[in-house]
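Chain naming follows the written order as A, B, C and D, and within any one chain the residues start at number 1.
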Amino acid sequence: MSNSLGELLVITSFGESHGRCVGVIIDGCPAGLAVTEEDIQKEVDRRKAGASPASTARVEADKVEVLAGIFEGKTSGAPICLLMWNRDVDSSEYERTRFLIRPGHADYTAFVKYGGFNDFRGGGRFSGRITATFVMAGAIAKKLLQLLDIEVIAHTVAIGGVKAKAKGFDEIKKKAAQNPLKCADSAAAEAMSKLIEKVRAEGDSVGGIIEGVALNVPAGLGEPSGSPLDGELAKALFAIPAVKGVEFGSGFAASKKKGSENNDPFAIQEGRIVTTTNNAGGILGGISNGMPIVVRVAVKPPSSIAKSQPTVNIQKMEKASLLIKGRHDACIVPRAVAVVESMIALTIGDFAIRAGLIPRVIK
Amino acid sequence: MSNSLGELLVITSFGESHGRCVGVIIDGCPAGLAVTEEDIQKEVDRRKAGASPASTARVEADKVEVLAGIFEGKTSGAPICLLMWNRDVDSSEYERTRFLIRPGHADYTAFVKYGGFNDFRGGGRFSGRITATFVMAGAIAKKLLQLLDIEVIAHTVAIGGVKAKAKGFDEIKKKAAQNPLKCADSAAAEAMSKLIEKVRAEGDSVGGIIEGVALNVPAGLGEPSGSPLDGELAKALFAIPAVKGVEFGSGFAASKKKGSENNDPFAIQEGRIVTTTNNAGGILGGISNGMPIVVRVAVKPPSSIAKSQPTVNIQKMEKASLLIKGRHDACIVPRAVAVVESMIALTIGDFAIRAGLIPRVIK
Amino acid sequence: MSNSLGELLVITSFGESHGRCVGVIIDGCPAGLAVTEEDIQKEVDRRKAGASPASTARVEADKVEVLAGIFEGKTSGAPICLLMWNRDVDSSEYERTRFLIRPGHADYTAFVKYGGFNDFRGGGRFSGRITATFVMAGAIAKKLLQLLDIEVIAHTVAIGGVKAKAKGFDEIKKKAAQNPLKCADSAAAEAMSKLIEKVRAEGDSVGGIIEGVALNVPAGLGEPSGSPLDGELAKALFAIPAVKGVEFGSGFAASKKKGSENNDPFAIQEGRIVTTTNNAGGILGGISNGMPIVVRVAVKPPSSIAKSQPTVNIQKMEKASLLIKGRHDACIVPRAVAVVESMIALTIGDFAIRAGLIPRVIK
Amino acid sequence: MSNSLGELLVITSFGESHGRCVGVIIDGCPAGLAVTEEDIQKEVDRRKAGASPASTARVEADKVEVLAGIFEGKTSGAPICLLMWNRDVDSSEYERTRFLIRPGHADYTAFVKYGGFNDFRGGGRFSGRITATFVMAGAIAKKLLQLLDIEVIAHTVAIGGVKAKAKGFDEIKKKAAQNPLKCADSAAAEAMSKLIEKVRAEGDSVGGIIEGVALNVPAGLGEPSGSPLDGELAKALFAIPAVKGVEFGSGFAASKKKGSENNDPFAIQEGRIVTTTNNAGGILGGISNGMPIVVRVAVKPPSSIAKSQPTVNIQKMEKASLLIKGRHDACIVPRAVAVVESMIALTIGDFAIRAGLIPRVIK
């Protein structure tokens, strides 16, 4: 379906950047899960502008409201509807440049697909703001995964070519959350910060790489051929605007490796089968193998920059140049970290329900 | 669903490597499309062992049979069932090593998921042979896309770190098909060949990168949030065993770029809106923008190598070492090229039907 | 999915009878369709309590709000979110009888399915009020069908055994809408009215039969085996609480007929193939045949009656007796007419989109 | 999808009446279920022509073959492919009357939908023979349901207006299976037999009613709004050609009843909540309530009769008359009994998996 993701745990996103609200339905969530508005608010706040030095000046209350599906503090089994009203919205600039399709944005493709009837203001359905709906839903998924002791962490591993050093999962958990760039390597984060400031001063923007990790995922999740775990994760991650690549484990580096280097040997540890390396990123044949799931996501630089860009006036069908006004994120990587986590949590939550690991009623 | 891909053009793969057959149902194909067994056979032959110097010695007739859905030379609107019987099958080696889970393969994950009831012989459902079902289905999709003048080409761009030089689409079309490694850069292909021979002599294997290109895809295909074109392509591509990464356009390189470098400026050419660069890989906001769709796929080195590997006997739950006998592909990249094309063709075909670009009856 | 209906035109219902709101997402609606809140309000008003003499005293403003998906008076291609806030809600009686499962209602099955976490007040998700979400969505579907000149009309054909005389479609259209019981036979309606009053006076309730008709549906809609038109209509109609039977054309009467009586002879009229009778109810082999689609729906008597009923206290697991207080519909048939129309319109709209009859952008 | 039914236990039917074969894929069946070809053959034999005095003379070996998904006597978790080759096929009569659309059959609607490209011989995909694919799949579902002690029985309750007396489930189980008309009331069966013979002698055919019962279905199966148990059962049952009506429990009779008569009082029996009557047919609010599921299905008289019928030559677009030659079923009700059972078993099996009642691996 057009705006839904998942098979048994299904989210349907709605709303537009400058419309009345952005919201999401989560259908298929087991009944009896304790969830508060604060649980959801906390996640949403993590992707907030202002939570990061790299981000835009548009600051909204972004107060989550539960419209349905939570009763007496617990999920009721009914579809959950979560919503944030749009408040701080100035559309005048968008009205002025309505027909100047912004390079890198979905203005042109949306115009073609919807015949110009789409709400173009602020990118409408294609705004980064839509990812807040994923985060609201992801907050529910994270609560579900806690039942299985599954933990999902994402963190910044590169910005504009500055790479973070590899760290252990414990260190990542501890440090990334506190770092404004969500980077566990504070020296690298320092360099990233400087780069972002420089780029912002130039009126430009910069991309990066986010790594998502899921710990304690049991072996056996995924459906080969039709619904491989890596494939479904990738699909969900590509639903985040700005994602241009997804790789698991050794990923693109596997293309340079020999089988003897890339194969992860099996071993027994504490009575459990493990691999002694994790080039597979926790997935073999589209199915989780019990090792940490490790996925890296390439995030392109924000398309809105403060530089004049050649473009087209789609109404007049003539050349034009566009200087996007207002303040925009110079780098969305830190804000996207919470979104990456959400997509991973939602996908694994869906598979956990499919596999019967989470009961229909939580007691 | 477990073994189905697509929304309106849906394929369901079945069969096992050492079972009676491998086959596929294509449901939702418009009626009236002229298809012969030869059309399908031709595609299947492209991924055949022996078609490439890098490949295994197992050679099967791999004769495609149409069981249903084609009538008087044309698709009838009924589900199409295509099938190849398995013939040249020696399972004795697999019987002998049944409980020695092969590193890099799905033996372990399949064992866990199916409780050991899965047909393990030759990897069963997880064998590379299953991709022949994708290619059979892809042959139908390619015929469909011809109606819209959409062309899908895949080619080898790297093997084991040896990179092909970038070429124009015309050159790729001309040269890649004829090259045994499906590489359009013959000098690089030469080096790749040598590397494969060296690796094979070592009893090892090597990975690579395949690039898929779809030309003449109209702007407007894709469903943001729920079914982004890039997301669906990635999901289908990850259904190919051995794929560990997928990127579009500038992909992971976008993470190092500035917005001013990565944004593709819009322009008008022959009355049509185009972008003057294609860092987006033909997709903006999950929707095709009318430029060539360019996707790169990381393929890991084949897991079956002629070297002793540490592993586990899953029945006895004890350490073991495994030396896989028989002859195996030292590099599957050249054979996988036809599979990558098929996945792209199937995905775009599905979206073209969703968008109403292909009528339900072809006249 | 749990709360969604449709394949390309997909509705997802949410909200509870005594929660904050009831609402619906319509995803997959083509862009460019002119829709006003009034269009939707008008349909919703038709199922309102008070619109019929048979109905409950709970009267809500039931004001439809558009939260998303309609922009500058037209559908934008984005998911449409429609909602009505709940206002006039007194839950005290429900609190008092929380564990006394009401005979005929879904209290018990919901309790089992959701482990008692469901919002039980007023039946929660199982309240007739949920059908308002179908009607909101159906209003959009009706607008879509107008593009194809397809008209959907439902009317009351029996209440409590009192049957309406068969009428021509023109007469039904003219008379049923104006009749408070939505019955085109005013003499029968009179008798039905008296029966309802009598039954209400007894503290009892009564069932009936609604006939739905879709005119000008082109031949060729429906997917045999997997998605037969009659099957999908039936599924949607059974989503209406209180529906216990669905039949097409001669329906159950066909079981008594001979083939020579029940077969509809083909003929040519004005260059078009028609049948001279319509025992098929417009559907052959799960596909529309171009004749009017005629479906009849058995509606059970409302389960809430003002009589003491034997039941069980599910908390204490002991016998109990229950006298439901408050005022309730003695017959919901007249109010359900708009709901039946909505389900038919939504289902046919979905198939029309699947068949490519409605473009993705309406100009 | 066009030819698939189910959400987690999904069947995809393929093949044509006079093509090479008819077959079915069952995807999503848990691994480890013991199934033999005999288990499936036994069910298929029940719908065989010749198994009933009412049926056609076309007798095929109808030998079931397992092509995939069963390994070492058990389901392997892979998609199961079952198939019967078509042998005794004489298509000459169909060739002769190709463009004379048969009243009551899907010839016309298939012609329109597939633009005349469909395999028309013997009705192609619309032949009753396609229901053999449902029965093959149903055999697997029945084995699954045995794990939960769920039993599905269908039996003939009326033919051509001759009604069977109501019987207890034990008597139905014992008698219906042995009766050639699958009717538990042998006196009624006698009268039905005579009626069928009379009708056959007239060159005519006759319809009837089948009742399906599912015993021991646990309370809590079904998804209100989107996937009600009654709705999904109805959809699956309408996929059987010739079904024109479906009702649950008191069904259409509920339309004549008062709430006080139709409500099923709750009571406690052996520590379990039951209803003392079963007007609901085991389903409340789209969810099973633990009582027997009772569904009745109206079956129209076979459309192929040995009488001249007015029709149209669709190629010449002119009036014609058609006398269908060959021998056909005078009544398909007895053969359809196995099909009704299959559809019920498949639907309940799917819900049982969704509800987590059947594990992914059976041990």
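Details
The working rule: a contact is a pair of C-beta atoms (placed from the backbone, for glycine too) under 8 Å apart; a residue touches a chain by one contact, two chains touch by 3 or more.
On a predicted model such as this, the values are computed, not experimentally measured, just so you know.
Note on connectivity: the fewest chain-to-chain touch steps from subunit A to subunit D number 1. More C-beta pairs touch across one of B-C and A-C than the other; that pair is A-C.
Of all chains, the one whose mean C-alpha position sits at the greatest distance from that of subunit C is B.
One finds 27 Å separating the Cα centroids of subunit C and subunit D. Distance from the subunit A centre to the subunit C centre is 39 Å, each centre being the mean of its Cα atoms. Inter-chain spacing, taken between the CA centroids of subunit B and subunit C, is 46 Å. Residue positions of subunit C touching 2 or more other chains, listed in rising order: 1-4, 12-13, 27, 110, 113, 125, 220, 226, 360.
Those residues of subunit A that touch subunit D in the complex are listed here as 8, 27, 220, 226, 354-356, 359-360.
Every residue of subunit B that touches subunit D in the complex is listed here, in rising order: 1-4, 10, 12-16, 19-21, 23, 25, 27-28, 31-32, 66-69, 71-72, 74-81, 83, 110, 113-115, 117-119, 124-125, 360-363.
Those residues of subunit C lying in contact with subunit D across their complex are 1-5, 12-13, 101, 103-106, 108-110, 112-113, 125-126, 130, 158-161, 199, 202, 204-209, 219-220, 222-228, 230-232, 234-239, 241, 243-268, 271, 273, 275-276, 279-281, 283-290, 298-305, 307, 309-312, 314, 317-319.
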